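Please find one structure pasted underneath; my questions will follow.
In order of appearance the chains are A, B, C and D, and numbering begins at 1 in each one.
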Amino acid sequence: MVKEGDKVLLYGEDGSKIIITVEKGKKKGTHLGHVNMDDLIGKEYGDLISFGKKERTFYILPPTYIDLIFNMKRRTQIVYPKDASYILFKLDIKPGSRVIDTGVGSGAMCGAFARIVGNKGKVYGYERREDFYNLAKKNLEGWNLDKFVELKLRDIAQGFDEMNIDALLLDVPDPYNYIQQCWQALKGGGKIGIICPTTNQVQQVLERLYEYPFIDVEVWENLMRRFKPNPERLRPFDRMVAHTTYLVFATKVLRKMGGVFGE
Amino acid sequence: MVKEGDKVLLYGEDGSKIIITVEKGKKKGTHLGHVNMDDLIGKEYGDLISFGKKERTFYILPPTYIDLIFNMKRRTQIVYPKDASYILFKLDIKPGSRVIDTGVGSGAMCGAFARIVGNKGKVYGYERREDFYNLAKKNLEGWNLDKFVELKLRDIAQGFDEMNIDALLLDVPDPYNYIQQCWQALKGGGKIGIICPTTNQVQQVLERLYEYPFIDVEVWENLMRRFKPNPERLRPFDRMVAHTTYLVFATKVLRKMGGVFGE
Amino acid sequence: MVKEGDKVLLYGEDGSKIIITVEKGKKKGTHLGHVNMDDLIGKEYGDLISFGKKERTFYILPPTYIDLIFNMKRRTQIVYPKDASYILFKLDIKPGSRVIDTGVGSGAMCGAFARIVGNKGKVYGYERREDFYNLAKKNLEGWNLDKFVELKLRDIAQGFDEMNIDALLLDVPDPYNYIQQCWQALKGGGKIGIICPTTNQVQQVLERLYEYPFIDVEVWENLMRRFKPNPERLRPFDRMVAHTTYLVFATKVLRKMGGVFGE
Amino acid sequence: MVKEGDKVLLYGEDGSKIIITVEKGKKKGTHLGHVNMDDLIGKEYGDLISFGKKERTFYILPPTYIDLIFNMKRRTQIVYPKDASYILFKLDIKPGSRVIDTGVGSGAMCGAFARIVGNKGKVYGYERREDFYNLAKKNLEGWNLDKFVELKLRDIAQGFDEMNIDALLLDVPDPYNYIQQCWQALKGGGKIGIICPTTNQVQQVLERLYEYPFIDVEVWENLMRRFKPNPERLRPFDRMVAHTTYLVFATKVLRKMGGVFGE
C-alpha cells in the first residue's frame, strides 16, 4: 500500500516516468497536470491512477534505484547502470563493506554502494567541488541513504583518512595521479575500480598501476544492446549507447613478486 | 590477518587461483604441492606464501564472490558475472528484499541474492532436480549464505508458496510456461528477470508476458570485452565470450491499461 | 583536373557533403548559395573552392560510391556500407560475375555489384514495384552503371529467367518464400546472401534453406564502431548504429549428403 | 564443369576444406587419402566425390577468394575478411583503380585489390622483407592475379615511385612514420587506409595525419558476430573474434583550410 512519505514512481503509457514523495493533503504539479497526493495514499502498488485535465492514466510503482538516479538532479556524467552494476560485483561490495568513492559527483555511485553496505559498513565519499558535494548530500538524503555515507569536501591529492578499505572507486579526470593514495587506503587484497572514458586514460592508469603492488589488473568495456521487445519482429534497437567508459580493476597486495602482465 | 575458518584465495603468478578453507594443523593438497595451513594463519592478506617442491609463490587474498562461484562445484551452466551483476541491479535487490530464484542449479545466483538481502530479507530457491538441490545446498553452506536461503525441492508448475515477492529470477529451459505462476508470486511493482539463451526463447517469453499484466518489458544482451592490460599496446583480447544469454525484464502490475510495446 | 560531366563532391568544413554534376555555363543552387560550375572546371581534385554570400569554402573531391549512395534519392532502407562490403566479399563478386539482385529498391546494391562485374559480367535486378524500378533505373544511369545492369519489373514468385548464376542477393520482406527459386537460378557452388533484419526472418530462412541442397550456411551480424578521431582522447563515439540486419549466406550444391548443421 | 587447371575446393561434411589444382593423370594426397584428379574432371560444380579408404564424401566447389586466402601459405597475420571487405569499399576500389599496398606480407590484400582493379588498373605492392616478397609472389601467381600486381622489394622510408595513386593501404608496424610518403603518392581526393592493431598506434597515426593535408579522418572497428544457424535455437556462437585491428581512413587534399576534427 502507498503511504505517506513513500517515493512513488508514476509510469505512463508512453514510458514517461515521474517520481514523487507522497505528502498528505498536498498536490504535486507535473507537466501533465496536478496529482492529488491523497488519491495515492492507500492505493496498492501496481494499480492505476488518473489525473490532469486529460485524465491521463499512470501505473503506481515503487521506484528502483535505477529510476531514482535517472530522475535525480545531476550536474555530472552519470555512471550507467551497466557499468555501476559491474563495478559493484567486481569490487565485491556486500553488507559490511567499507568503501571509498571519489569523486562523488551527483552521488549516484555513493548511493549504490550505500544501499548494500548497510549499518555495519560505511561509504566514504570524497569530493573537492562544493557544488557537487552539496548536490550529492541532497540526493543521498532524498534516497534515505545519507546515514551510510560520510561525505568529505576534500581534494584527494593529500590522500585519504581511512585505512584498510575493502574497495575504492576512482572516478576523476586524472586518475593516474592518485594511484599511490589509493594503494595506501586499501587493505591487502582490497579492490580498486577506475573509471576511464578514453584509451589514453587507460594507458596512463595502467602505467601507474604497475609501479605499485597491484595485481590481477583487468580492463573491461561493457556493450549493452537492447532489443525491441516485439516477439514477431525481434531485433536490436537501431541505435545503442556505444561507449560510456572503460573500467579498470586491480587488487592491492603488500608487495609484488614478479612482472605479472594481465592474463 | 588470516585466521582459522577463513576462505583464502591463493593467486599464482600465472593467474592460477586456488581457494582453500583454513584449518589448523592440516595440509591441503593442490596440483602444485601441499600447503601447510598453519603457515597461512597470522599472515596478512595481500602477503605472499610459497609451498610445494618448486617453492612456487602465491598471493594470499580474500576470495571475492566471483572467485567463489568460478571455483565451486557445478553441474550447470553458470550465470556469468556480467549478467549476474546486471540482474541484481535491474531487479533492484537490496537488504530486506524477498526474492525467488528458480531453477537454482548450482546455487550461484541464490548466493548472489543472499549476500545482499541479509537477515531482513529472504531468498526462496526452487529446484526440481534433487542432485542440483543437494549441490546448491552444499555450495551455499560453503559460502555461509545458507541461512538467508530457503531451498525447496519442487517443480514450479504448481506455482510458488510465496506471495508479494519483490523480485523473481526465472532460469529454466522453458520459461514461457511459468509466466502466470511468476505473476502470481510477485507484488504489484515487483520485478521479473528471465534468462533466455536463444532468440526463440525470447520470442516465446515475450508472447506470454504480453498476455499478463506486465509492463516495462525490456530485452538486453551484454557484451563484455576485455583488454590486454598493456599500456604500450592497449587493445582488446583477440577472443571474447560472444554470447551467454539474453536477459528479459518486466514489472508486474495489477491490471493493464493499454498495449504498451517496449520503449 | 575537374572536367565537364564529372560528378564532384563538395566537402565542407562542417562535414557537409554536396554532390554536383559539372555542366559548363551552369549554376547549381545549394542551401549555402550558388556554385558557378565554370569555377570548378580545371581545378585540381583536392583543391578548395569558395562560393555563396558567405564565401564558404569547400574541398573538391571525387565522390566515392559510398558518397553516391548516401546522396542518392531513395525511398527504401539502404544496405549499409558495413553490410554491402561484406556481401560483396562473401558472395565473391569479381569482374565477370553474373549476379541477381532482388528486390532492387533504390538500386544501391545493384550498382555496388555492377561497378565490379564490368563488361564481362552482368547484374540482373528484379523489382516488382514500378516506383522503385524507375528510381533504381534513374540512380544507376546517374552513376553510369546502367550498362552493366538488366533491370526487370517483375515479381520473383514465378522464378528467375537466368540459370547458372554465380551469386544472388535476396533482399525482400519474406525471403523464406523464394528459396526454391533462388536455388534454381544459382550454379552449382553459387552463393546466396539474404538480408534478414529480424531474428524471426533468420529462423524462417534457415528452416527453408535446410529443405534444399544448400550447404555452408552462415549467419552473421556486423557491429561497426566508430571512434572519435582525437589522438589525445581516443574513445568510441557515444552512440552507434546497433543494428541494421542479420546476413545469411549459403552455397548451392546439386544434392545433399547429410545433415550438416553449421559449424 | 571441372576442367584441367581449375582450382577446386573439396568441402567435407565436417566443414573441412581442401583446395587442389586439377592436373590430368595425377593424384593429390590429403590427410584423408588420395584424390584421383581424373575423377574430378568433367564433374559438375556442386556435385559430390568420394575418395580415400573410408570413402569420405566431399562437395566439389569453386573456391572463393576467402577460401583461397585462408588456404594459402602465410607467415604473417592475415587481414580478416570483415576488415578486408570494408577496406575495399572505403578505399573505393573499382576496375581501373591504381592502388599501393604496403607491407605486402603474404599478399592477400594485394590479391584482393588485384581481382577488382583488372587490366586498366594496377596494384603496386611494397615489401621490404625478401621472404615475404617471395611468398606473396608465389601466392599471387597461384591465384592468377600476378599480372595485375607490380611487387617491389623495397623499404618505403624513401617513398613510393608512383604519383597520383587512387588509394593506398598502409599495413606496417610503425605506420605513423610514413604518413608523409603516403600523402605524396596519393592523388588529390585519394584515400588512405591504415591498419592499427593497438589504440597506441591509432593515437600516433592520428597525430601525424593531422600534420598533413588529410581530411575526413575516420577510425573504425569491426565486430562480426556469427550465429549458430539452428532455426530452433538461434543464438550467437559462444565465442567470437573480438579484435583484429582498428582501421583508420582519411582523404588527401592539396592544402588544408581549418582544424577539422572528425565528425
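Rule of thumb we're sticking to: a residue touches a chain if its C-beta (ideal position, glycine included) is under 8 Å from a C-beta of that chain, and two chains touch if they have at least 3 such contacts.
The shown structure was predicted, so the numbers you read here are calculated from the model rather than taken from an experiment.
Here A-D and A-C are compared, and the pair linked by more C-beta contacts is A-C.
Superposing chain B on chain D by their CA atoms means rotating through 180 degrees, a value rounded to the nearest 5. Over half of the residue numbers found at the chain A and chain B interface occur in both copies, marking it as a same-residue contact.
As a whole-number value, the distance joining the C-alpha centres of chain A and chain C reads 44 Å. Chain centres here are Cα averages; for chain A and chain B they lie 21 Å apart.
Multi-chain contact residues, meaning those touching two or more other chains, occur in chain C at positions 199-200, 202-203, 225, 232, 234, 236-237.
By the touch rule above, chain A contacts chain C in their complex via residues 197-200, 225, 232-244. By the touch criterion stated above, chain C contacts chain D in their complex at residues 11, 13, 15, 44-48, 57, 59-62, 64-66, 81-82, 84-86, 88-90, 92, 94-95, 115-116, 118, 187-191, 199, 202-204, 206-207, 210, 213, 215-232, 234, 236-237, 246, 248, 251-255, 257-258, 260-263.
Residue ranges on chain D touching chain A, taken from their complex, read 199-200, 202-203.
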